[in-house]
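The following block contains the structure, expressed as structure tokens.
Think of it as A, B and C in the order they're written, each chain with its own count starting at 1.
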Amino acid sequence: MRGIEGEQVLLRIVLSESRTRDGQPLFRRVLELLRAEGLAGATVLKGIAGLGQRGDIHTVDIEVISQDLPIAIEAVDRPERIAGVLPKLGLLVSDGSVTLERARVIRYADAPRPRPSSNGR
Amino acid sequence: MRGIEGEQVLLRIVLSESRTRDGQPLFRRVLELLRAEGLAGATVLKGIAGLGQRGDIHTVDIEVISQDLPIAIEAVDRPERIAGVLPKLGLLVSDGSVTLERARVIRYADAPRPRPSSNGR
Amino acid sequence: MRGIEGEQVLLRIVLSESRTRDGQPLFRRVLELLRAEGLAGATVLKGIAGLGQRGDIHTVDIEVISQDLPIAIEAVDRPERIAGVLPKLGLLVSDGSVTLERARVIRYADAPRPRPSSNGR
């Protein structure tokens, strides 16, 4: 989405990969919510290890695929749009963290999307 | 950890995956330190490429698993708790970067942990 | 790079993995630019899913390796150095987001680089 240059807000959600809602991974439900609310874009990163509330350390070990690794979802948008998504997000993410940071957007054009590159490929 | 809503601090540590301390990967030692210091949670992300101090570019290439990719560790907690962990962290992370950012915590409940989901799974 | 402790800027670039420039992945071109401009270091993270401008959700699914996942590139450096790299970066990243955040650097020494660890390994 173009036109969000300036002082905006970085929304960051961290939740467990193992969380589900209605049979779907929770992070996908969050992504769908962000899309439904019209956010400009979002990036989902998967951790290789995490430290949970109870002090447990979870890691990817050889031949052991942990189902409880952290997932971080980041999105930058206008303050009012981020604020607008928080109530629904709070209902969805009962387990996890939701944080806001200030971010100055220099350029925001055409976030990742499924079309072939036209630059020399 | 519940109850850290409000203006807090995001601690971010970037170090090399290849770093070890006492025979353990350094990032695990850092995670153990954060746990020992009672931090609410932490997320460990592994990069696919990095640019080091000497201007070297390190990447994951086909059939070459680099041992020197960057690892980013992120944790959000109260300013005083983050400040309290910095001296020990500085001793551990002689090689790498440690940065702080302001972050407003909207929700912090039950970071990733190893128990089955109760939401429709 | 040593000596950038203090109030600095975190530069974050998000672009699509599928973008190329002159036959190279765009994120590598960005990394090369950051190196050429003398930035202290950079970390490249690859997302497992993303939400694009048009509201498409892209994910890694079983046996389907998407070529359009988001790539996040993060670098911390002095404000003037980050500002200096923005014009060239803007030419390179016509598609994607470029954001700046304030970050306080506590320690910055020897970012990831290719030499064996001397700590008990």
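Keep in mind that, in the parts below, contacts are C-beta pairs under 8 Å (C-beta built on N, C-alpha and C of every residue); 3 or more make two chains touch, one makes a residue touch a chain.
This is a predicted model, so every value here is computed, not measured.
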Notebook entry, point to check: Interface overlap for subunit A and subunit B, more than half of numbers shared or less than half: same or different?
Noted result: different
Checklist line | Fitted rotation between subunit B and its twin subunit C in degrees, CA, nearest 5 | finding: 120
Notebook entry, point to check: In angstrom, rounded to a whole number, how far apart do the mean CA points of subunit A and subunit B lie?
Noted result: 17
Item checked: Overlap residues in subunit A, where contacts from two or more other chains coincide -> 45-46, 101-102
Next item on the list: Sort out for me which residues of subunit C touch subunit B in the complex.
Entry: 1, 8, 10, 27-28, 31-32, 34-35, 38-46, 71, 74-76, 101-114, 116-117, 119-121
Check: Any idea which subunit C residues touch subunit A in the complex?
Finding: 12, 14-23, 26, 45-59, 66, 68-70, 72, 86, 90, 93-102
